[in-house]
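Here's a structure for you.
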């Protein structure tokens, strides 16, 4: 099936030379996607502030425009015209490059996300892996920011990035493997099409692991160690001001949006849904996932870095291993009998594993002899 | 502004001595209050249309999303937090993103008694804030030393070390009082012009 | 179009690789290396190896570079931790000689080129090649053993006696 | 430490926050709606009755920080005429000891709490600024006689009731919205 | 001349030589490790290019590249482990300090 | 390969976007809208209002280097499984057995690491 | 399996999100692990003890407000108790009850803040603080109703209290103590069983019983270590012997116990207030004392169980209108001495949590 973009290109190339059609189609598509992303990011910033306010029995920004919807715009404009301080001791080049390295991959993720039926920029054959791969680049940016600032708090945050990648990348990749096993392809559109039953039902454990891993990768509560403001002030962007800080800020919300989109696509059935138009379904699901993230943020304290690692390595990783193996076996023999049998076994598996692990696994006390 | 340390010089004693020296220097240097930056109050601005529009946009953005720098020093800090808490919620003014890093903050709310020992830190953090920046002196102590003005260890007023834009009296001021002060800051920002700089 | 992209990528790759050598700051050298990895991924894309490209980013940028950065932290005074060594002249000669021989070999060889279009998609093909019957199953298992050995070896090495 | 509770603790906590989502926010939209404050409020000013004051300076004596400056001269009925009555509200800690000690009830705490100023010198209140006027009402701190005339304080304790409590509603914002600044 | 196999192989050769020079000349073990990675990458480029131009219908070259990546990972892991082990003994990552005979 | 072309264009656009947003304040500064007043104190490192003691680029003690090593190796193994996952149906039992052996080996390494205490933060 | 790298020194504070004021810790870190800690205090040294020597006994009361500004009422209470002890002044019944009500409300309020900010230090994004602040606001409302200020009450006087409660006070207070247990339940539900909180606090920052006694810790910090010592029971002052309440005691002395003890103490305080409201007699609220007050020459030590521990006032009088010397024994300064032993070997995140669990107030430490 052709994507909308390809159709558009085919339509264009009737009139234009091949390369021009290609370029124009690409740029138009990209601007549609970018427009979607940036609007949604701005809306999300507002939405989170308001929702967090309501969770905390207060109002949140409500004065600029109807219900304060213009608040993020004012904030963005203000940050834009704020002075930009680069500390003298910092590594200037790295300090300047870091925001770009954080921000660009976030935008790149959206290349493979089907916003609606056929509305995908590039339906890559390796879409699912592409997501993880691109996602891991922005961690390098965070690391650069932390190191380049030449600030001890930022340095600690940078090192925590390493800890986080090291622990969460594996469970995330493994849980994605579960999805791929069920789809039989790495393409994102195929993934959506394969979800007659959303994968959150098909493999709840995989979803849980992926969700937790995603929380860690986008530095959200309870894994927001990189900017744990009660510990290390502002984390890796302690020394950033002005537009560069805004870039991190946008990047953070862009990340959240990206992961909300990914979770929607991979586990919630993407744009599929009855009655409403596909794009609306997609939007609703994304907002729902994001609300869940905000809800977690409003409730939970954060883990310590070694506990985070222990949790990932001793908890999520073995669970994910068992999960993919079971899923593989199911896909070979069980799924042909009945899809619902798979659902049932997987739910049982999830419950059993969670119960077992809660009993078995011990988070370290964390004291180190010095 | 750095204590360069090669290992032996890094003893706690040496650090203390260096910091003490800095306190004394600051103390000597700040015997007189800094004049209030208030000349805009009377002045009538003459600006052209373009400048006015740009000014308006700039000031609109600046005044409506101030990131406050939390600078709680003493009792007043708790009224400052009360201002941020649910009942008074300065998030309504777009101030819900509290920054602890001076790089990202616009408004320093100094709430509480400033001692001479703390004064270098206050000054340094003020200086590390990125432009444009504003300062509120909250509470009697920050305005004038308040209750402890006679004391040997207290700075008699924040305006000895940094210029203060708005004074909020009270001991501590009520949260409403602080919000009122913030609204004064808003008004001040709205009257600023980029042409003047 | 394709040519331009290739030359761009090739140039960046060489510059990035030279950057690793030239920079005294080990951290910047590591960043330069990461850039090289990314560019190599781009080169894979031009060679129709999409799966490899993604794996390149995932493994090299996401994992190996992280490990190297961890090791960078062991350097004392990272910002001037990579001074040129004693044998740089000899090394330069050796490398140059190697390059000349290699280049001569490459240019001189008459490559048997095939005009077929490359196989797409690659993932399933690689899967079949790695795990299918008649594929490199044994090699995969050996590689698995190697990796396990690497883990065990690394842990044994790093543990304190 | 084991995760013995299978994550139930986390879910319980989340239930609490979720419940709060459907409680009315306790926020007062300050510049537009104002809380009725305590009748004994010690606001950030003092209220002085020029005609009641005898210039005895008991208040100045009782002020812990000597914050009240009184200069008097002897008038023609052998009384004191107050030349200067100055309080530095930028320094006063509003402890109320001066008010409590005034034998003639000529000094009271003010009800004002919005005292922010741009200039330090504006905070020093002289005779005229201190004197009672329509806009400057005394509070009932240590003045039980005027207590009854002041409105009742709105209390958060009665937050789900409308009598004597702060009024709250689930969607307060759509109804009342202030300008940006 | 359009870009073809030779270009890719030359690029790979250049990268390989750069890596080689680094391995021989550098003194910081971590940098040496980086240079080894560069060399491995160069080989991979050659492998994939050969696969693309010589046997496009088969994916042998790419499969080989996968194996190279596998080995590279193992190599880095062990390499870093050695660096750590030596660092623990010598408090340094400078190769001049690694007087292996004195271990 | 068309799709990767779009990704490439997106990369260029994204880079361009990021660069312009970063350079916008620089332009605005020249126009005088963004203020700039730098001083030695402003450009000094922030550390809670105190001066930095010693240097900030320090040798940082990772106590999780075991995890890092383990991660690299396991990550490679896991990524290797993706082609198998895609072709699961075609590869059938053979593939499953191969992967099972791989997973067992992986588990062995993992369990070894666990028992050797590599999964403890020491 | 250690690796030696150079440790580096990090300033945590004075302007730091979780030093609860202007405390500064010079932390020597090895990676994330704290290997040494040097507390630096004095950033809020306001010279209260010195200022007190030049003020009359009444004028000192507002100064005591500013000691532990989260528990001003208790400070007032402790100070006037000391003065009354030296002066031999008998306080009217009603005033005694009012004092108890205020002190216990203050304890609830202070513990709310302690627990809230402790949870905030754990990273709970302000939510617990804001919930608890709601209850604190209610208490503030009540105090404001009585004495016109939200934070610095200046309410108690030598010989009684400054003013009687207004009519609407008691109904509001009754409503508050009726609903308070429900809110405490809610807080417990919010995080007490949360797995993350448990792994972050259980077994972290243990203060063994002996050490706690040796350093002279008091208050919840001491009780969490398993010592049943509460001045309200051990040396009943005012009229605490008339109330029926329990002293919650922890077992291991870790951060979780300190948290738990505080929550339980809030419940007990609610109980005390409820009893006091029931027994509240009518009558005088203050005995007349001669102004300015002169105390007989001599010295006295008066102490109360402040929310944070034993708050003592050591007063030396030479018969003049001002004290010759006033020394304050701040509970948190003493409790803080345990910090270094508790944090060494823990991570920087734990440092913040352990520090938060001690619940310090800088106004009191630096004085």
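By written order: A, B, C, D, E, F and G. Residues from 1 in each chain.
The rule is short, and it goes like this: a contact is a pair of C-beta atoms (placed from the backbone, for glycine too) under 8 Å apart; a residue touches a chain by one contact, two chains touch by 3 or more.
Just so you know, these numbers come straight off a predicted model, no measurement behind them.
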{"item": "Steps needed, at fewest, to go from subunit B to subunit F via touching chains", "value": "1"}
{"item": "Touching subunit B and also subunit G, the following chains", "value": "A, D, F"}
{"item": "Chain pair, F-G or D-G, that carries the greater number of C-beta contacts", "value": "D-G"}
{"item": "Inter-centroid spacing, subunit D versus subunit B (mean Cα positions, whole Å)", "value": "24"}
{"item": "Separation of subunit B from subunit C, taking each centre as the mean of its C-alpha atoms, in whole Å", "value": "52"}
{"item": "Subunit A and subunit G, separation of their C-alpha mean positions in angstrom", "value": "44"}
{"item": "Chain centre separation in whole Å, for subunit C relative to subunit A (CA means)", "value": "28"}
{"item": "Residues within subunit F bordering two or more other chains", "value": "4, 33, 35-37, 40, 42, 44-50, 52-60, 62-63, 65-66, 68-77, 79-80, 82, 85-87, 99, 106, 122"}
{"item": "Sequence positions of subunit B contacting 2 or more other chains", "value": "2, 10, 15, 58, 60, 64, 85-87, 89, 92-93, 100-101, 103, 121, 125, 128, 130-132, 147, 150, 171, 174"}
{"item": "Residue numbers of subunit E (touch at least two other chains)", "value": "66, 69-70, 73-74, 76-77, 80-81, 84, 87-88"}
{"item": "Residue ranges of subunit D touching subunit B (in the complex, touch as defined)", "value": "25-31, 34-35, 37, 43-44, 64-65, 88-95, 113-120, 122-123, 156, 180-181"}
{"item": "Touching residues on subunit A, where the partner in the complex is subunit D", "value": "53-59, 62-64, 66-67, 295-296, 298-300, 315, 354-355, 357-359, 361-363, 365"}
{"item": "Interface residues, subunit B side, partner subunit D - complex", "value": "33, 36, 38, 41, 60, 63-64, 86-89, 92-93, 140, 143-147, 149-150, 157, 159, 164-171, 173-181, 183-184, 186-188, 190"}
{"item": "Of subunit B, residues touching subunit A in the complex", "value": "2, 57-58, 60-62, 64-65, 85-87, 89, 91-94, 96-97, 99-101, 103-104, 106, 128, 130-132"}
{"item": "Of subunit F, residues touching subunit B in the complex", "value": "32-33, 35-37, 39-42, 44-46, 48-55"}
